[in-house]
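A, B and C label the chains in the order they appear, each numbered from 1.
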Amino acid sequence: MDLEEIRNEVKKAVEKARETCPLVPSITNTVTINLVANAQLASGGSAAMVYLPDEGEGIGAICQAFYINMGTLLPVYAETLPRTARALQAHHKPWVLDPVGIGLGGLRTVLLKEFRETTPTIVRGNASEIIGLANLWGLDAGIKKEGGRGVDSVDTVDSAIPAAKSLASFIHGAVAVSGEKDIVTDGNRVIRSFGGSILFTKVTGSGCSLGGVTAVYAAVSEPLIGALTAVNMYNAAGKRAAEKAKGPGTFEKYFLDEMYTISAEDVAGNPMEMVEE
Amino acid sequence: MDLEEIRNEVKKAVEKARETCPLVPSITNTVTINLVANAQLASGGSAAMVYLPDEGEGIGAICQAFYINMGTLLPVYAETLPRTARALQAHHKPWVLDPVGIGLGGLRTVLLKEFRETTPTIVRGNASEIIGLANLWGLDAGIKKEGGRGVDSVDTVDSAIPAAKSLASFIHGAVAVSGEKDIVTDGNRVIRSFGGSILFTKVTGSGCSLGGVTAVYAAVSEPLIGALTAVNMYNAAGKRAAEKAKGPGTFEKYFLDEMYTISAEDVAGNPMEMVEE
Amino acid sequence: MDLEEIRNEVKKAVEKARETCPLVPSITNTVTINLVANAQLASGGSAAMVYLPDEGEGIGAICQAFYINMGTLLPVYAETLPRTARALQAHHKPWVLDPVGIGLGGLRTVLLKEFRETTPTIVRGNASEIIGLANLWGLDAGIKKEGGRGVDSVDTVDSAIPAAKSLASFIHGAVAVSGEKDIVTDGNRVIRSFGGSILFTKVTGSGCSLGGVTAVYAAVSEPLIGALTAVNMYNAAGKRAAEKAKGPGTFEKYFLDEMYTISAEDVAGNPMEMVEE
């Protein structure tokens, strides 16, 4: 696919999510769970969040795609996440992993290691998280690092490209790295998407909700297109929202408005470049 | 009561909530807990959320009304919900049940079955949830169904009228069914309230927060009036908010503004019709 | 320090938080956790929320300051809070305690009693909470009371001044009492900060997020200045937001915008008076 064909697929993904309203449940952190759900609704999906093992399994079996975000782990996650991941694998459901906070605490490390066997379809994170996960799984990351600082990245997007490619190849899916200039890769192609706003860094859950919306598009398209559609949506709608916003408070709300109203053409037409093909 | 008398009672409920600031705690899901609290505050109530069994019991004993929402169950709910419901029953406190996600997972089914003995004063839900609860409790629902799709309804409001009437009669209280054209019933009378906005379906927690606000009005009026006041408030304030909003992000904020500033007369005067009397 | 010197320190705290982006994790309630994080980001800090014991310890050891809020306790808090507080003490990290809901439930009382040994650097609360905590710790509070009504205060700020001074002296730190006219004290000096808006009482988490932002400034200044900078920020930015807002919905968003954009000079110049020195 060249960029023109990719744009056409992105456009179809935006339209299909709006038309089919895929059911995309999440197990996600309590900090940003509301924004994840609202962003999924704004993109056209249906959100449903759970904590209990049999609920993860049950809704995992009937969903169109799933989102797992590793922030604010609770004790019950020790059982819920592995059982949900196995159900998703058994039912061949696409799912997105967001390895938030990698490196912090024992349970997070155990669970992330287990996902090496029940691999996600897409991994989304900041540069430090992507580098950390590639290292945790023993893949070639180019750098030896375990994670970031709290939930912040201490690495540049470009420095995470080798890790992102290794991860994407390993999972036979796609990886999106968020930062000043986001990239998406399927292990071979590396596509950069431009736009967005510095205000995303001042709204908690920008990344988490991008993960949730990635899962919405993963429900209606192949991994690379799903990841890229979400990143393009955030960059295009975020840029427009920032033009109206006076700060992070209004930005978050205008962003949801823009995501809900932007045309599929404008998401597909967001500035991109093929870095490697 | 004819519609004119009902409107007068609705007006009094809006005023009394604003004047007396009733304490209306909740046990509710983590996705929309913030909007539930903010909507309760905007309507004039005082919000307080808990998870632990003795906290549910303790604040249940001193509150004016209570709200229980079945979304995002945690393991501790297995003990907290029954103990809280028994405390509410023992202290004759009105409470509102929102059977979100009925049909998903083992614990939710067990807990909802137990509420058949410690009945709520008002049940609020979408059509599929109301039909599901009537069936779970072995009441005449007109249709055999266990729930919806995730948290979404797959049934129309009108198809849930028999289930709503059965439930309301059984609990000797009221039932509100949310959807395109909401209805409220006490088992005999069925009143339809018009207005609102399609944007409510794009804001997570529209229904949950309506449940929380229903509990605020249940603290200051009889069940049918409490349920109807909340539905009218949402329809009237929601319609106004939608006229200003550019999408779901700004809609949520304008809606809280409108709920806080709308006159009691305008809530009472919201378009309604008596479907059955 | 006279008020002029204090203003200069406040100005420096605002600037330093923006320049250094301190890592300020929280263990806080699920109702307002999103607003806490967004307010911390708007003030220049980095937020990270945790629930598990080893995560509290781990991030407590590497953070610049920490925020503990006692709302919506979960079972795991029985272990997480003491272990986190001990880690903060061992690593000499400043931390802010918000004794939300004091008086409700057994676990909250046990945990708050334990904090008498691993004392916070700053306590922030409404008048009833401050009076309740001073009594729980056996300090001279001037009044015998255990708490408020739900999460609301039933006491005036001025009636809590003796309790606030006792607490501040005991912890060798600072205490901030929120209400119509906030005060901050280090046990000797009592400073009143004016401004804000009645709309803060209609937005859930105004107090919680003030606690989180207090921790951000505690990371970059001494306790009295940290507490006062946060209170001044809320009063100055809140007053501006209220001039634009049409109700509590838009107020919350404008407030975050104002916090992000207000000058350090304007925060430092917020109306204050020295009540006792």
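Observations
In this section, a contact is a pair of C-beta atoms (placed from the backbone, for glycine too) under 8 Å apart; a residue touches a chain by one contact, two chains touch by 3 or more.
It should be emphasised that the depicted structure is a prediction, and the values quoted were computed from it without experimental measurement.
Remark: rotation between subunit B and subunit C after Cα superposition is 120° (nearest 5). Where subunit A touches subunit C, the two copies mostly use different residue numbers: shared numbers make up under half of all numbers in play.
One simple way to say how far apart two chains are is to compare their mean CA positions; for subunit A and subunit C this gives 33 Å. Touching of two or more other chains is recorded for residues 30, 34, 74, 252-253 of subunit A. Residue ranges on subunit C touching subunit B, taken from their complex, read 29-32, 34-35, 71-75, 101, 104-108, 149-152, 201-205, 245-250, 252-253.
Of all the residues in subunit A, the ones that touch subunit B in their complex are 23, 25, 30, 33-34, 37-38, 41-42, 46-52, 54-55, 58-59, 62-63, 74, 76, 252-261.
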